[in-house]
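Note that chain A is present in both complexes that follow, paired respectively with chain B and with chain C.
So, the complex of A and B:
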């Protein structure tokens, strides 16, 4: 079942007196439960595409339909609701809230939803269990390693069981071992919860895990291929 | 609720920066309450003293009497009727007969007011019984202010010249039998008090008075042939002084509050600039921009709540101490010419505290909201990159 559809999408940014075209006439379709990577060098447009899918930005031309909602036509409130209910984000720099504990960081995503405290606690503990951080619930982000921080970010993205998780260079700041753990965790969640994962990456380590690789260059999709690597077959 | 929880978490997380703002804001709090408490204490004390010493619960004036026009005094006398006599006997009112006189202390000429007062009255605090206890028919009492101005002491005799109702001059030595201390300058300065019957005889105004001072429990405001002057009228000048003093104080308080608010404003601007990634993260997590503006506004406003708590920690003991011990003004009080006690006891009312809290909290909320509005224009992607200038 199609969960993301991009049709004839172009994104332009104003630069000085002119414009920079980050995405040019992109067509794309991603089905539910996919584990897909947007790959390409810096400036190829992968983060821009990820932001539009995440309704953090809107296309200049064309349409981006995410879970049957055209992101261009959503109000600020509607796109906030879409992100809150259906989308999870994982950032390269983790973006954990520094004054909160691990538990509170993960819980934050649920505070906006009308959930009882008991249900919230269970969901947070389950999410931390998925990423193996139940022993760090009282730690502040400053006390965590890079790998641990990214696992907290994954737990935060996953705690509300979103339909889509968007990860922008999730392993860029991690060493091989931590990257491996993070991707294993994501693959596991993708398998168990049927969550769609979309990565923006140029990290070779990530590519080994992808089941589908969409290559971008100069704002255009230049290749869209299914992967059959050993890692991606594990789950 | 979420905004409040987040705001306090972020404030605590900001550490020293928060506490510096809070301390400055709490100083503004304490100063505003202290100064206004001092003014209110002064106001209460001065009103009380003026009522005790001079005006009771109001005065009945002869319709022609104008305290600012000495020429009206000669004609502003009314016969004390039987009805008034009954009120005097019941201690409901006490008559005063006022005359313009000249005295010659140490050979100097000095204009003064002579007030004839009932030696048996107990309505005003004036020690009029001292006149009654003297054997001298021309016994007089004066306040410390008058004594200092004339260099007169108890037992001194001084020549007094007056005119009777027909304009005929007469003169006699009077004896100072007592000098009283009072906080109300207009009771003391330029005034000599003698037995009203003696003054009536001197002025040939038998059984007449210029005004009637009512007792604290007397509430009737109508007496045939007299004009009632209520407390608002009689204390109007003093109210204006307090108003102007408060106005002057307000400038100082506003400057301090402004400095404190500037610190909060500055912190907010810096906070929003430095926490763009956090703002972007909030957006990515699904918070609406309005809600994020709310979080930052509450965070700024929470400085004032913490300031109220911190201010209360050191302010309450200070205020309790000052309201018990008072603030000693000494000779400055007398020299000022204002109705002011030597020791002022500040008065901190619930109304004053609530008003001060509202002023500080509302102003802190406004200055927190102004920079936070910028968030509503932020693009989530730019905020996440932390690139907004």
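So, the complex of A and C:
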């Protein structure tokens, strides 16, 4: 079942007196439960594409439909609601809130959904269980390693059980062992919860886990291939 | 969500401690300055009330119109009966009669010839039967030498006058002037004390005597230039004064009888009404000043806080929180911080105001040459408004500062979030 559909999409940014075209006439379709990577060098348009899928930005031309909603036609409020309910974000630098504990960082995503305290507690504990951090619920981000911090960020993205998780270079700040651990965790969640994962990356470690690799260069999709690596077959 | 934000405020000192300190200091200063200014104005008003105006003053209509000239022929008569009626009608007030008049004080030598003369500002009060009058005018503490008059024929003169003309205790001085009926007045008093109020206006040529001596000398039996009314609790109450004045004037004051008594409120006399309005205006101006100054400081604090929390707001936007909601939570936080800071500042400010009320600051050395009627020790006054007045600058400044700083949230582009959050 198609969850993301992009048709003839172009994105232009004003630069000085002219314009810079970040994405050129992109067509793309991503089905529910895919584990897909947007791959390409810096400036290829990965993050711009991720922005539009995440309803953080809108296309200049063409359409981007995410979970049956045309991103261009959404108001700020509707965009926020889409992100709040259906989308999870994982950033390169974790971006945990330093004054809150691990538990509270994960819980925050649910506070915006007005979930009851009991349901919230269960969801947070489940999410921390998925990433193996139930013993760190009272720790502050400063007390965590990079790998642990990124696992908290995954738990925060996953706690509301979103349909899509968007991850921008999630392993860029991690060593090899932690990267693999993180990717295995995401792969497991992709399998168990049927969550669609979309990565923007040029990290070789990530590519080994991808089931589908969409290569971008100069704002165009230059390749779209299914992957059959050992890692991607694990789950 | 509120609990979540509260935790953040309590744990992040830069979000709580600094703004609370700024708000507390502002509120503290507002409270202390308001109490201090109120104290100064109240002291000056009390001093005027005690010496000249009373909380209310009764004069004949004609005397009131020419009171600057102290025309004895227009004085009140039948004051004993009037005072009895006043005590019956207004039992929570004390009524005292006084006579103010001018004259010439003559100091004779041992042969009875004039040694020195000077203008006299005479004030006759009830020394013999009303110790409150002595206390009200602070006479005991202001005596430089001698004692207060204890028997007819004794008077206190200004210490300055006594020093200048070498008048000693026990010596006689003669007062020249005119009686109520226009006859010549010659009355000799024995100097029983010298006095210095510390205010040139009161000390210059002052001579104080018992009212019975003055009545006798001025042919003013059962008369006085004025009757002053004071509330027994010592506090000037505008509403009560209004009521007392209206009932008295409607009962006693007749437009076609210039000798009928007329009651005047404190603020109707000597421009004290303008003075009271000025006091309120200055307190209002001061609060406005603090609101503006603190808003600017807290705006900057809010901007710095906004910069520090740039990532947090970015994450919240990415997670699907609306800009409007983030802005609202900022305002809620500001209200909370504003209340905590205001409560703290109010407690500290009231503590300081209480200290200044009880101890005060002595400016007598600095004001000894000033001819205005001013108190030598300045004290703060705690008044009911102080319990909430600090919340005006505290809350308004904190909320407006944060509201201004928070506008940057609306300028933030969500399309930049990935880039911004990957620093």
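Methods note: the second predicted complex is superposed on the first by the 235 of 235 C-alpha atoms of A that agree within 3 Å, B and C clash if a C-alpha of one lies under 4 Å from a C-alpha of the other, contacts with A are read in each partner's own complex, and residues count from 1 in each chain.
Please note the rule applied: contacts are C-beta pairs under 8 Å (C-beta built on N, C-alpha and C of every residue); 3 or more make two chains touch, one makes a residue touch a chain.
Remember, predicted model here, so these are calculated numbers, not experimental data.
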Judging by the criteria at the top, classify the pair chain B and chain C on chain A as clash or fit. clash
Which of the two partners, first being chain B and second being chain C, lies in contact with A:150: first, second, both, or neither? neither
With both complexes superposed on chain A, which partner does A:89 reach: first (chain B), second (chain C), both or neither? both
Looking at A:56, would you say it contacts chain B, chain C, both, or neither? Reply first, second, both or neither. both
Looking at A:111, would you say it contacts chain B, chain C, both, or neither? Reply first, second, both or neither. both
So, A:171: does it touch chain B (first), chain C (second), both, or neither? neither
Looking at the overlay, does A:99 come into contact with chain B only (first), chain C only (second), both, or neither? both
Where on chain A do the contacts with chain B and the contacts with chain C coincide? 51, 54, 56-57, 76-77, 80-85, 87, 89, 91, 93, 95, 97, 99-100, 104, 108-109, 111-112, 156
For the chain C and chain A complex, residues of the former touching the latter: 1, 4, 7-8, 11-12, 311-312, 314-323, 414-415, 417-419, 421-423
Chain A - residues contacting chain B, complex: 51, 54, 56-57, 76-77, 80-85, 87, 89, 91, 93, 95, 97-100, 104, 108-109, 111-112, 156
Interface residues, chain A side, partner chain C - complex: 47, 50-51, 54, 56-57, 76-77, 79-85, 87, 89, 91-93, 95, 97, 99-100, 104, 107-109, 111-112, 156, 168-169
Footprint of chain A on chain B - complex, ascending: 2, 9-10, 12-14, 277-278, 280-281, 283-289, 379-381, 384
